Amino acid sequence: MVYVRNAWYVAGWSQESLPPRPLGIRVLNEPIVIWRSENGDLAAFEDRCVHRLAPLSLGRCEGEKLRCMYHGLLYDRGGRVVEIPGQGHVANNLRVRTYPVVERYGWLWVWMGDAAAADEGLIPPVTGMDDPEYICGHGQLDYYAEARFVSDNLLDLSHVSFLHTKSAYSSETWAREPPKVSEHRHGVRIERWLRGERRHHSVDTNADKLADVYARYDFFVPGVFLMTDDAYPPGTADALDGQPPPDLDRAPKKFFALQAITPLTEKTSRSSYIMAAHRDHGGAAQCDATMAVVRKIFAEDKAMIEAQQRIIDTSPGWRFIATSADRGVVLYNRLVETLAREESTSTAN
Amino acid sequence: MVYVRNAWYVAGWSQESLPPRPLGIRVLNEPIVIWRSENGDLAAFEDRCVHRLAPLSLGRCEGEKLRCMYHGLLYDRGGRVVEIPGQGHVANNLRVRTYPVVERYGWLWVWMGDAAAADEGLIPPVTGMDDPEYICGHGQLDYYAEARFVSDNLLDLSHVSFLHTKSAYSSETWAREPPKVSEHRHGVRIERWLRGERRHHSVDTNADKLADVYARYDFFVPGVFLMTDDAYPPGTADALDGQPPPDLDRAPKKFFALQAITPLTEKTSRSSYIMAAHRDHGGAAQCDATMAVVRKIFAEDKAMIEAQQRIIDTSPGWRFIATSADRGVVLYNRLVETLAREESTSTAN
Amino acid sequence: MVYVRNAWYVAGWSQESLPPRPLGIRVLNEPIVIWRSENGDLAAFEDRCVHRLAPLSLGRCEGEKLRCMYHGLLYDRGGRVVEIPGQGHVANNLRVRTYPVVERYGWLWVWMGDAAAADEGLIPPVTGMDDPEYICGHGQLDYYAEARFVSDNLLDLSHVSFLHTKSAYSSETWAREPPKVSEHRHGVRIERWLRGERRHHSVDTNADKLADVYARYDFFVPGVFLMTDDAYPPGTADALDGQPPPDLDRAPKKFFALQAITPLTEKTSRSSYIMAAHRDHGGAAQCDATMAVVRKIFAEDKAMIEAQQRIIDTSPGWRFIATSADRGVVLYNRLVETLAREESTSTAN
């Protein structure tokens, strides 16, 4: 699979990098350690001591430095070895590769490509766990499958009507009525009206009444999914002639779901997710109800995606076919391929 | 290892394919789904949706059709896609490979070769679980070993005297006196008299008396083993001058053991087995006694065969040598090789 | 990694080869069976029956012979097949490879190289479990890592100050003051004084007083580690001008630690270890106290070494750098490479 390197990948949660314990993770099959100094500054290194390749993520933060806890080599924030116990002189060129790293929305993001090209403007413009207006539940799920298959799953939600029949209760309308799919600068947007639906899993006291539901999600490179929806009185969709509700981005959303898909190794990946309910629209009760449902839903996705991976593993020369419902999948994967091609061209020059 | 493709392989038990749940299995490393329609008709497909390669065995039988439960593609019994949710037109050529499948003796059999050559006459002529005269126990055991090594184990029962010393209690006579081995149209037959043996594991009240035992087993391509034996008064073997008891196939057998060896992947295989006692000769009591013993015996076989596989895995350029006791092994494997060669020749032409 | 073949490798404990049960093990990725005859004589074979490659370690010692318990082939102590059940004649050339094997210090040692070159004088001159003056605890630990990384760990004990901060309590002096490293005929010796140290993990009633500690360890080809230390009144080190205590090898040591590292497969290895306390210096109490600590220490080593292996596995073209503390590592690995090169040259001639 082709991945974009000049992009920010979610590598963990903010609270996972509290001193003195660094955080070890793989991204695009590269071992990475993220650590926070006493002053609170973040750094990300390749997770591999220059000495004997021990993981620095088993090391210890010491003030503004990171110590390998195998034989004690000490690194400054720039990745340079500044002390080797028992040895007077330290060569100047002993250093590990560093990665740009930033903290945003409660997540740690690492830039996997050319450091000179790192641009914080490319972090997807979402709302996250650090927004005080929301009560958030969060979780993490590892897949024994290529990240692409997890992304594809999110980019074609027609599967909800089948795979999640018993957990999401959505009608087949979801699969049968094609949504509107459009491309934007760094991803794709999928949106739709569902007319006269019953809202499951809502703690809203009006939830048993039929409503017109407007649902929208964005999928940003390199793997961030943001979904929101809201209910309107029956007839709204037709009254608006299928256009989005005009107030949609004016008021705070009542609910959103945020997910980041990180390719760990060639055939493993991680989803880090947040289910957020606005304090004034269900708050903790809505958040708990949603979390209970998505745990079931994600378990169903995981079983299917891992089974799909096993089939693919014994299908030499396999290929997918695209259906109408794959519009978002196709647009997004084409975008990724274009970006990856541009990267390799600019690297070649 | 060489396998015959134009043959019926046991792929499961009849009761495993009850709607709405299809049965997924690998045979010769191919993922296969077997399903039964509302009318009771069986079908077998490659277990791989044309769309995104999700396993159809996680799908759902709907009347006379099978639905993939990832994105809802619907297949008819011929393997053709007849519906794609959200898409009006379905291309004519969207189909999965189908396999001939039949139900016999309580088992589901799939034909792995050229469908035009599928011949039910090639299903081994055995007695099975569906015979009302017998009380049957049944079980299933998976081996982390090539199917060939499991077959070889059954084709050379001299191992019973050594490997099963503490479970089968057979004397070393079993190993030291060579049986008669002959080839027939679709397998080999091995038969022998054992003179003056004590019958272990029999609920027959005369079991502690010495008897002459006549034992016979057939091993049919591609891996079906049928064994039967019976006890006669001491002296019978000599009186018959070592010839088979003349009434052997006239009356129903008191007891038989039936086993099917299925190659799942290159290095995994499955044994599906039945231990059957005639209703008038021990019935459920004999069946239970036999099942208790074979569970121990098969566990010993499994440990040895898997250990053998591990040794082979680190023995590049390995080869077996054949002893006198390997007569059945040699004849059977030669037959398989001949059939496989004929297949590839006829395919090439 | 390069290994010496003309060397004695620890393959197990004496008590593991009691008839009728043989001992199966891998050394340098070769399956080996070690067995003891009724007369008490040891033999070591490749663990692979000539017939169908079943492991002979699942076999049975019968008097002066070893029987394969799959189909009953019988081997004499020279590795020759002397009986095949059910077959009159046995070809003369049916034999398995044999390995020189000896018992020493409570361990079984196999010679992995040219049998003609086997020289018991090459067994490292250590004290072992069979010394009646000591109370010994013993254990065994398997690593999912190349043996070389386990040896390197023992050859550079500067790691004790960091990796074992919370278990061994040794000060950083251990890492910061370089020990004396020297080469001897079949390995390296590392020795040092530690001035004014507190002795942890000692049952000696004077243990809380500061002492000068002299520590020494030898690492012998192909992987045997022997460590001893003793405490002296403060000031002794300076009074001796850093020279070893003159009585060190005259009296029995109060304590020693002995470890053998065996390469099992390419990426697995085993440590077999003994912690020994002299009967007159703590005895069982000291032995128990030491065992409790080393279990923690070895668990820390195992976690680090296996993590190091995982990093190396995804670091194509990796290499180590050597620090001052690696003097012993470098000398020892150079010695191994030299011996291995000499072997291949003499084999080539």
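In order of appearance the chains are A, B and C, and numbering begins at 1 in each one.
Just so we're on the same page, contacts are C-beta pairs under 8 Å (C-beta built on N, C-alpha and C of every residue); 3 or more make two chains touch, one makes a residue touch a chain.
Computed from a prediction, not measured in an experiment: that's the story for all the values here.
Taken as a contact graph, the chains are fully connected, with every chain touching every other chain. Think of subunit B turning onto subunit C: fitted on CA atoms, that turn is 120 degrees, to the nearest 5.
In this assembly, the C-alpha centroid of subunit A lies 48 Å from the C-alpha centroid of subunit C.
Those residues of subunit B in touch with two or more other chains do not exist in this structure. Subunit B contributes residues 29, 31, 47-48, 50-55, 58, 67-73, 84-88, 94 to its touches with subunit A in the complex.
Across the complex, subunit C meets subunit A through its residues 149, 152, 156, 158-159, 161-163, 165, 172, 175-178, 303-304, 307-308, 310-312, 314-315, 318, 320-321, 323-325.
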